[in-house]
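I have a structure here, written as C-alpha cells, and I will follow up with some questions on it.
So that you can tell them apart, the chains are marked A, B and C in the order they are listed, and the count of residues begins at 1 in each.
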Amino acid sequence: MSSAELTDAPRRSFTGRRVRLGDFLLQVVAGAAALAATALVLLITYKVVEGAQLSLGTYGLGFVTRVAWNPVAGHELYGAASFLFGTAITSLLALALAGPLAIGIALFLTELAPRTLRAPVTALVETLAAIPSVVIGLWGILVLGPQLRLHIEPWLHSGLGFIPLFGTPSAAGASIFTAVIVLAIMILPIVSSITRELFLGVPRDLKEGALALGTTRWEMVRGVVFPYARGGIAAALILGLGRAIGEAIAVTQVIGGGVFIHWSLFSGGDTLASKIAAQYQGATSNLQESSLIYLGLILLVFSLVTNLTAQWIVRRVARRQGVGIARA
Amino acid sequence: MTMEAENVSTIETALRVETKRLPLPPRERLEQVFDIQDLDAIYGSKPAVKGVTMEIYKNLVTAIIGPSGCGKSTFIRCLNRMNDLIPGFKQTGTVRYHGQDIGGGDVDPVAVRRTIGMVFQRPNPFPKSIYDNVAWGLRVLRMKDSLDERVERALTQAALWDEVKDRLKASALSLSGGQQQRLCIARAIAVEPDVVLMDEPASALDPIATQAIEQLMHDLKSEYSFVIVTHNMQQAARVADMTAFFSISTGAEGERWGELVEYDDTTKIFTAPSDKRTEDYVTGRFG
Amino acid sequence: MSTPDFTSSGLRRRRAVNRLMELLAWACAAIAVGILGIVVFSVARRGAGAFNLDLLTKTPVPFALGPVKQGLANAFVGTIVIVGFAALMALPIGILVALYLIEFARPAVRNVVTLALDVLNGIPAIVIGIFVFGLFVVGRGQSGFAGAFALGCLMLPLVARSTMEVLVLVPTSLREASLGLGVPRWRTTLSIVLPQTIGGIVTGATLGVARVAGETAPLLFTSSIVGTQVSWNPSHALQTVPVAIFELSESPDPADHTRAWAAATVLLLFILFASLGARWLATRSRRKLEAAR
C-alpha cells in the first residue's frame, strides 16, 4: 500500500503530554490580559485613594460639607461642598433638558420617521457623540456663551428675575447656565441611542395588539412602549447622568469658576470635575494637590455608583425580559 | 403494495443491487478497530446512550441506524473525543482503539483526532481556497512534504479532483453543497487517518451528490475504516457491511436514552433481524 | 386600558393629542439635528477661514504679538505619537481579553471581567488622568508614554468589546472542522477563528482611535507641560491637539482663538472620517461573515 511510505504507522500512541504547550501558553497569556483588565479597575481606585491620603487624613469626611477653597499659604483650607453643589445642579438640570429630548428623538426614530430618514438621522445623532468635548467647549466659550449672554440671560432675568435662580446675567457668558446647556448637548446622544435600541426591542405583537384596539399611536406608546421600556429608560438616564457628572473639559471651559455657592444660574461656579481640570497646571502645595485628588475620589465614587446602578438595572431587566439591552 | 411491503422491497432491491459487496469473512478473522465496552454518554444528568457494547472492524463500512433522538451522533462522537468540547459531558465505560483506551487520563484527544477523522453533517469548509482547505491541515500537522501530490491524491480519492483541478485557488465557498462535502472528506483523508467517522454526511445533499459519496466509501474502504451514522435505511443497505441498530428506551420516570439493540451483517439486519424492534424499524412500522 | 373612546368628539381630542405628540417628536429630532448643524457649521466656518498649511507645519511662537502666531505642528505630531502608542498598548491586550472571554472563560469569570470592562468604560477621563498621574508622573515627570497609557486605558474597553462581538459571530462548525482534523486548540483559535475577526478588530481600533484622539482630560496631568518644538520622542511630555485647543480657548487673545478654531476643524474632520470609515467597515465585514455562515 502506498500510504505506508508517506506517513508513520497509523497506530500511533495517544499518550504523552496531556496539556499541549501551545494551548497552555495561549490560555495563560490571554488569561493574564483579562486579569490585568480587571485589576486595572482596582488599581485605579487604589491609586486615587492613595493620592487623596493627605487630604483625607487632614479633613476626613468634613471635607465633603465644607464650602472653601483657599490655597493661600498660611490660610489653606479646602472643601468640596460648593463643587458637589455645582455637580448636582449642572448634571440634574442637564438631564432634565436632555432626557425628554432624547426620548422624543428615540420615539421619532422608531415610530414616526419615514424609512429613508431613519438611518441618516440616527447617524447624525451619533455623530454628535463623536464631537470631542474640547471642541464643544470651544464653541461654548466663543459662540454659545456670548449668545446666551446677549439674548437669553437678560430676557430671563427681566422676566423671571424675582426667582433667585435667574440673577444678574454673567459677565461674558461663562456661567452655570451655559454649562448646563453644554452638558445637555453632550449627554443627548448617549441617552437617545440607548433609548432608541430599547424602543426597537419592544415586541411588535404587543404594539400591534394595542393599535388593533383602536388606540392612537401616542396612546399605544404611552400604554405599551413606555411601561415595557421603563427599566431601560431609567438605566439610560442614569448613564447620561453619570456622563454629565464626569465631564470635565467642556464644563471647565464655560462655567466661569467660583468657590462659593450662589443660587443664580448665571453666576460662575465649578463642578468636581471642572475644578480638577481648572487646576491642572499644578497645585502649589501637597495639601492642595491631595485635596484635588480627594475631589477626584468623590467623583470616582459617584461614577461607580451611577455606572453600577445602571448595569444592575440593565441586567435585571434583561433577565426578566429574556432579551439583551444595548450597552452604553 | 402496503407501506411495509414497499419498504422491504426497496431494501431488498438495494441489497441485491449491491452485488459488488463480497460476503463477509467470519468475525473471528476480522481485525478489530474499536472495542467498545458498556459505553454510557451523559450530558449533565441526562444519559444520551447507555450500555453500548460492540466491536467495529477494519476496512469495513459500519452503519449506525435508528430513529431520531436515539443518540447515534452522540455515540459516534465518543469515538474521537469530540464530545469533550461540550461542557457538562461525561463518558463511562471503555472505548479501545487497537487495544488502547482512548478515554484514558493520559490520552491526548488531539492525537486521537488525528488518527480518527470526522466528516460532519453540514459541510464546513474553511473560508480558504480549495487547495488550502486540504493543504492547511497537512501543513499544521507537519506533513508538508510533497504537498501538491498529497492534495491531488486526497481530492482524487474524494472524487473531486476532475471538477476542481483547474480552479484550486478559488474559494471553497464557491462550490456546491455536494462538492463542499466531498472537499471536507478530502480534507479529512488527506491527513491519513485510520478511521473516518461520518455523521449523516449526505443528509444535506441531493441524491446525485449522495450517490457520489456512497461510491466513495465503497472505493476507499480498502484504505480506511468507515463508521457512518445515517437516518436513511436504504443508504445503510447500499453501503454498509455491518449495521448497528440503536433505539430509544424509556425509563420508569419517563427518561429516554439510546441503546444498541442489534448489530450484525447488514444483510441479516435487513432480511432476518433477530430482535423485534429491529424488524419493526426496518420494515417501516415505526421511526 | 379602559375601553377607548369611540365618540366623535372624544376621538377628535385624542387625535389632536396624538398629533401634538407627533409634532413634539419631530421637533426633538429637528432640534438634535439642528444643534449638530450649528456646532459643525460654527466650527467649520471659523476654522476654514483660519486654516492654512502653516498650522500643520510651523511651531507656535511664544509671546508673539499680532494675528500671526504660527502653527501647531508640535501638537499634531504629539497627537500622532501619543495616540499611536495608545493603540499599540490597547490593541493586543484588548484582543487577548476578548479571546480569553469568548474561547476559554467560564460564564462566571466572563461576567466578572465584562463587568470590570463596563466599569472601566464609565470611569471619567479626568479620573483616569489622576490615576496615571499618581502611577507614572509623580516623582518622574510628565511624558508622552504616560499620556499614551492613559488614552490606552480609555481605548481598552472599546477594543475588547468590539472584538468580542465579532468572535461570537464565528460559527462553531468552523472550530469543529479544525479540531476534528486533530489540530490543537491554540492553532485553531489563532489560525482559523481569529482571522475571521480581523474586520471587526479594525473597526474597533478605528473607533477607539477616533474617540481618544479628541480626549483632553487624561492628558492634562500626564502630557501638558510642553515646549514649542516638534518632537517625536514620547519619553518627555508632548503637546497634543486637544490640549492645545483647550489652552488656546482659555486665552484672551483672539489670534489664539483663530488657531483654536482651525485646529478644531482638523480634529473634527479626522474624527468624523475615522468614525464613518469604521462604521462602513463594520457593515461590510458583518455582511461578509454572515454570507459565509
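General observations
Everything that follows uses one rule, which is that a residue touches a chain if its C-beta (ideal position, glycine included) is under 8 Å from a C-beta of that chain, and two chains touch if they have at least 3 such contacts.
As the structure is a prediction and not an experimental result, all values here were calculated from the model.
Chain pair with the most C-beta contact pairs: A-C. When every chain is reduced to the mean of its C-alpha atoms, the one closest to the centre of the whole protein set is C. Separating the CA-averaged centres of subunit B and subunit C is a span of 51 Å. For this pair, subunit A with subunit B, the centres built from the Cα atoms lie 57 Å apart.
Averaged Cα coordinates give subunit A a centre that lies 15 Å from the centre of subunit C. Of all residues in subunit B, those that touch two or more other chains are 110-112, 114-115, 193. Each of residues 20 in subunit A touches at least two other chains.
Multi-chain contact residues, meaning those touching two or more other chains, occur in subunit C at positions 184-185, 187. The residues of subunit A lying in touch with subunit C in their complex are 20, 22-23, 25-27, 29-34, 36-38, 40-41, 43-44, 47-48, 50-51, 100-105, 107-109, 111-113, 121, 123-125, 127-128, 130-139, 141-143, 185, 188, 192, 210, 213-219, 221, 223, 239, 242, 245-249, 253, 273, 276-277, 280-281, 292-293, 296, 299-300, 303-304, 306-308, 311, 327-328. Residue ranges of subunit C in contact with subunit B, taken from their complex: 171, 173-174, 176-185, 187, 191-192, 196, 292.
Residue ranges of subunit C in contact with subunit A, taken from their complex: 1, 4, 6, 14-15, 17-18, 21-22, 24-29, 31-33, 35-36, 39-40, 42-43, 92-93, 96-97, 99-101, 103-105, 109, 112-113, 115-128, 130-131, 133-135, 153, 156, 160-161, 184-187, 189-190, 210-211, 213-217, 220-221, 224-225, 242, 245-246, 249-250, 257, 260-261, 264, 267-268, 271-272, 275, 279. For subunit B in complex with subunit C, the touching residues are 80, 82, 85, 110-115, 117-118, 120, 122, 124-127, 136-137, 140-141, 173, 184, 187-188, 191, 193.
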